[in-house]
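Okay, so here's the structure we're looking at.
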């Protein structure tokens, strides 16, 4: 699945997006998996209170399932307008 | 003093303004005096719930005094905007 | 702060541009424009004659604008109100407010419009095929003022 | 109804004119424009970089606009949101709503802005002499949404 990062998550992880093959059943499991990968992911996901997630471009909670999902995006709380 | 009429008060009385010499102490007394003059005034002032008054260009109540007043205006409730 | 009472039309884009010209501290601009509708109470309207009380009108608008500037942190404000005969679709009024914050810009524009409706000496006569008819003041417009609390002097 | 996400600037006067063109049934048009301020938290700002999530942004704006049109009797609505590097003083966003009645035009524009602030996937990085800084979401913006009640799906 395609995983996207925006704003300071993008900066901390160092890339705007990547293709990830995972068996994670939920977003929370995916975050755990990424945290275990490298320090930059651990840093980016160190304070989950300031991380939001969208699955296939819809805002969801961290316990959302990943079955049949094409695109997951992580980003800070939005500041539009 | 100068007395002005606006909107349907102007139409009923038939003139936009007139110079009036009066001994009326309040707006209410002036209205009584005008009512007694002619039918068109009596008609214009028949429903005082829909008549507003300004004295020297400030909205006031009907019991406002007329001492030293230069201009009195009668009109329906305002519909600006 | 500026108030204009005029027969001529206005250009909303030009007014907003003038309000923001040369400054970079404005965060939000809200505009309200009111137009002549072609229907009133189910009757077609072709023109609206707007009568006003020259002298008192300017004073009333300035008082309303000053009260808005006292209540909210505004960087600029503008009220333009037309008078005379206006065709359906024509502009009647423009209110614009600028502030560092969106809430102040929104609230002050609403406040000004609410007071304009029942405290500025304008009267509207709508004309269509069915003849002419003075627009009655709406109870709702009087009620709208109450939400800004009873202490207002505007 | 229209939503545009673009790098280019917009012309507020032209957008309002287009909204009202050829129709005489509109009674009220409210616009909100948001601009880049030259100060943030007491620090001078020269530019703001607006990042967004192409695809999701358009969906989010369309959802917010549709919800506003469901809640209020609107004759037209428009949301334009810019992205990319913007100088202090530049336009960021334009929201415009048209309705027969002023209250609907005001409320729907405020509703759209409140949801834009914390439900549209935009992120702002302010840059000045002191370096770059991602703008934090404000609690007040999250709270602002609550006044439109808990049942909203936008």
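A, B, C and D label the chains in the order they appear, each numbered from 1.
Basically, a contact is a pair of C-beta atoms (placed from the backbone, for glycine too) under 8 Å apart; a residue touches a chain by one contact, two chains touch by 3 or more.
Since this is a predicted model, take the numbers as computed values, not measurements.
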Chain-contact steps, minimal, separating chain D from chain A: 1
Gap in Å, rounded to a whole number, between the CA centres of chain C and chain A: 48
Chain C-chain D separation of Cα centroids, rounded to whole Å: 23
Shared-contact residues (touching 2 or more other chains) in chain C: 34, 102, 113
Multi-partner residues of chain B (each touching 2 or more other chains): 81
Which chain pairs touch, all of them: A-D, B-C, C-D
Residue ranges of chain C in contact with chain D within the complex: 11-14, 16-17, 20, 23-39, 88-89, 100, 102-103, 105-106, 109-110, 113, 144
Residue ranges of chain C in contact with chain B within the complex: 34, 51, 53, 55-56, 59, 81, 92-93, 113, 116-125, 134-137, 141-142
Touching residues on chain A, where the partner in the complex is chain D: 4, 6-8, 10, 54, 57-59, 73, 75-81
